[in-house]
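Notes follow once the structure below has been shown.
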Amino acid sequence: MPKPSVRAVLLACAPDQRGLVAKLSHFIYTHGGNIVDADQHTDHEAGIFATRLEWELDGFLLPRETIRDRFAPVGDALRMQWSIHFTDERPRLAIWVSKQEHCLIDLLGRQRSGDIRGSIDLVISNHQTLQPIAEQFQVAFHHFPIDTASKHSQEEKELQLLRAHNIELVVLAKYMQILSPDFFKSGMQVINIHHSFLPAFPGAQPYHRAFTRGVKIIGATAHYVTQDLDEGPIIDQDVSRVSHRDSVEDMVRKGKDLEKIVLARAVYLHLERRVLIYGNKTIVFD
Amino acid sequence: MPKPSVRAVLLACAPDQRGLVAKLSHFIYTHGGNIVDADQHTDHEAGIFATRLEWELDGFLLPRETIRDRFAPVGDALRMQWSIHFTDERPRLAIWVSKQEHCLIDLLGRQRSGDIRGSIDLVISNHQTLQPIAEQFQVAFHHFPIDTASKHSQEEKELQLLRAHNIELVVLAKYMQILSPDFFKSGMQVINIHHSFLPAFPGAQPYHRAFTRGVKIIGATAHYVTQDLDEGPIIDQDVSRVSHRDSVEDMVRKGKDLEKIVLARAVYLHLERRVLIYGNKTIVFD
Amino acid sequence: MPKPSVRAVLLACAPDQRGLVAKLSHFIYTHGGNIVDADQHTDHEAGIFATRLEWELDGFLLPRETIRDRFAPVGDALRMQWSIHFTDERPRLAIWVSKQEHCLIDLLGRQRSGDIRGSIDLVISNHQTLQPIAEQFQVAFHHFPIDTASKHSQEEKELQLLRAHNIELVVLAKYMQILSPDFFKSGMQVINIHHSFLPAFPGAQPYHRAFTRGVKIIGATAHYVTQDLDEGPIIDQDVSRVSHRDSVEDMVRKGKDLEKIVLARAVYLHLERRVLIYGNKTIVFD
Amino acid sequence: MPKPSVRAVLLACAPDQRGLVAKLSHFIYTHGGNIVDADQHTDHEAGIFATRLEWELDGFLLPRETIRDRFAPVGDALRMQWSIHFTDERPRLAIWVSKQEHCLIDLLGRQRSGDIRGSIDLVISNHQTLQPIAEQFQVAFHHFPIDTASKHSQEEKELQLLRAHNIELVVLAKYMQILSPDFFKSGMQVINIHHSFLPAFPGAQPYHRAFTRGVKIIGATAHYVTQDLDEGPIIDQDVSRVSHRDSVEDMVRKGKDLEKIVLARAVYLHLERRVLIYGNKTIVFD
């Protein structure tokens, strides 16, 4: 299989208007670009148009470093929010954990297999429990104990560390602390895994509550984190059947498999630049 | 395929204690019964033992009409709640609807195919919209318009009708009225279909709310109805993936398929005597 | 909810080449069209580009009856296979059945609910068993008994009947006969439901074979019918978990639910003009 | 949560006959045992009764080391095939791999989390590629290169190694060699993961063939290995939806998640003594 050539990816949304597809594809075509993947969605209620366009740089007449500047007036004229990415970029990630390791091992294992289009550069935790796992996979581990008094200053230091390493994405892989509102002012993108099919069982102990309620299906939800706990835009969800035979412990066990798969899918989709956040929802161009 | 012989089914739960399985199986064995299906569950937290035993009447030494009396002292000694059923019984059902027909057509179609171990004898509605469908399948239709003033007296009349027809089970197949607390004093068993994966989106307009929240999975829940709206014991649930491409109308369309399948499965399981209610949960012996 | 305006739908595939999206969207934009839904796919291995474009006729400058003629040179220049449809068209369908009714009742029920964008005008069967169901839903029923000697001439008559009613799509809803090669020379499009997750268990008695093999999942497959039995392009599939507790009869019962849902979804997708056949595969723009 | 007490597990099957449940439960009850989990299944076609009984050793009057001997005459009288296990046993496992690591990392990660009721003592491979992963998790790695000439003698050595370590279960976690018939004469139990929903796409390159066939669902199958390649008793299967948007590489990526989850579930069920092999099928008491 030949190595795929480098591609540019445009992720964009704008107020719906006639000619959007024509104008965007014209920009790429007139510069010699070959569109290899295009997807579009119109939310008629909200009057919003969204698109993802992927084209080959090979043969494209604009030098790579000028593409964003050359596209800017096109986007401005359409009152568009947009970003352009390149498929050979390797965004840097930090994984935040507490004491449970299944999501961390899974993500580090995928990095080991070359299945993550990015680089997990840091593991950060409020406990030291999982330090050996980070080390085993040769990823730097940083311990930031958190209590009520220290939370604000510790988060400040964590942000400094993230910036020092040019981290683009924080992945909360069973991090059992709530980030403070100030953290989000940093503009850092954060993905979390919640162990229920939200909006069912938001907050703590969803498996216990699922057991008590007697549901026949449990789930997991990966979402971007906002200041509103468990209310951010959902990226992916999945579910598993349970029955009266499943104890809370069985639900936890089955749930762990859901959690790690759903979180990894969300990280994958984000890094493939397939997720567009819009209002409190996502469009996943998959 | 030879016609299966008639079987007895014991559904029972009791405080957990040593020897329960031995005592129950001994009762059947000493009377010459051949157990063809046995399932059991112990809820260790609640200290509750539950079982479903199915044995052939063919060769059983107790005459069918005496079995319940002969079993009673065994059950009493174990402080057991129990019921015994026979697989050739045909319980009578009433289907309650409002204006949406997909669940009604589905259930009547299954009756037509001989796939329901019971007899749908009545269709009851607060509207006349679906009268032609009941008639088309040659099932009696009764119209009980409901408003705030008439609700109590209409429900009284409905209960009288149910009793006059020896109805054992009421199936709310998209009946968009809330039954009043008095109705439940009658002891009538009622199954409802709710168009969300409860406890997500209880109450009205779940698809609109699912759309607004941006969930990636929608669902349906069949449950026994109690006085606490949408809080009764869950019998079955199922889900379907949705994406940003699905409008509210698409969710309604996909949801209809979930609703009719999940409701029919719950009715099937109930009529097969596979559902044991216990606290606010069910054990489904499937 | 306001009635959606009429839209045109272009379904097309062509050898991949630069500028395809630009040229197609330019055609629509320069004639004042507003694209409300666009999807595209490139099969890099096969060098094939495929697209579905949907735009509003309201405000489109070309009169509806001229659109196909005006598009033809654009399509020719791109060596494109294409069709243009309008969302207010109501294609005519014939449902073919043998003795099992669950898929027929389901499809007729959907027509009753207004959920099919088309018109089921005929029910055709090699048996008389299901005539009462067609009549109950007030759809014309035609009986064509088939044996080896009569097969060819009966199919001829069936084709004449289809043509006389301008039938566009034949739906084999558990029609247990194999159509002869000559039938396909007519160019009629035919969708079939097979009761396995093809390519597992092609041919007869898939549930019996699934039971014997001890699979933990059963399925159903809706596909376009070609001369190669059970080998035509797959439109949709779905599955259901089974266990050792499921007898062959249980599998048949669970399978019926799969069959009717999967077949209905395939018919829906076809009538929404969301399915593009290409080689022996489909692209489903959903 | 208090530590659960040790329990005995009986897995058994026998020709169906009256009184089986009574006799088995009587044996446990008369020795003071408290049954905490009981499941039973009768295959009426084959005339086979199968059961799994789990009871607490705490309070059981027979000393643990005598239970098998005391049960033997009961089992013999019923012409029963049976095994008795204890929940504090830690069976030893060997994982066999070739070059793909996702299943290996997943299983070793579960061992690290304490989620496997057993002990992975060996990793065996025909390549050296994954040696660092075994070492990273501190599990002994053994390299047995295989070619046509050496296969027989290498398998001999592998069996010696397994016996020397008292290995009870071999897990083929993407081991891309076929074991020779002689290997199975050893009586070693072997679980394999196949990357398709068998019996679809047996043999090599199932994802390529799934892509070519245009299926809408891919799957994975965990099964006991017999001399008949890909034909052994199925323990578990799971599936994932795919579409035309998925390339072969996407299917491989989605399939890896299926493979590791399904294989881990099968190993879990085996070690929990929940799987009874019977003919070429399994009964999974879950």
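The first chain written gets the first letter, and so on, giving A, B, C and D; residue counts start at 1 in each chain.
By definition in this document, contacts are C-beta pairs under 8 Å (C-beta built on N, C-alpha and C of every residue); 3 or more make two chains touch, one makes a residue touch a chain.
Since we're looking at a predicted model, the values are computed, not measured.
Colleague: Starting at chain A, figure out the least number of steps needed to reach chain C through touching chains.
Modeller: Steps on the shortest route: 1.
Colleague: Select, from C-D and B-D, the pair of chains that is joined by more C-beta pairs in contact.
Modeller: C-D
Colleague: Quick check for the class: compute each chain's Cα centroid; which one is farthest from the centroid of chain A?
Modeller: Here the answer is chain B, farthest from chain A.
Colleague: Any idea how many Å lie between the Cα centroids of chain B and chain D?
Modeller: Each chain reduced to its C-alpha mean, chain B and chain D end up 37 Å apart.
Colleague: Taking each chain's centre as its mean C-alpha position, how far apart are chain C and chain D in Å?
Modeller: Averaging C-alpha atoms per chain gives centres 42 Å apart.
Colleague: Can you pull out the residues of chain C that are in contact with at least two other chains?
Modeller: Those would be 41, 44, 245.
Colleague: Mind listing the chain D positions that touch chain C in their complex?
Modeller: 41, 43-44, 197-201, 213-217, 219, 233-239, 243-245, 247, 280-284
Colleague: Sort out for me which residues of chain D touch chain B in the complex.
Modeller: Result: residues 18-23, 25-26, 28-30, 32-42, 44, 241 of chain D touch chain B.
Colleague: Which part of chain A faces chain D closely enough to touch in the complex?
Modeller: So the residues of chain A touching chain D come out as 1, 101-102, 105-106, 109-110, 112-113, 115, 133, 136-137, 245, 253, 256-257, 261, 264-265, 286.
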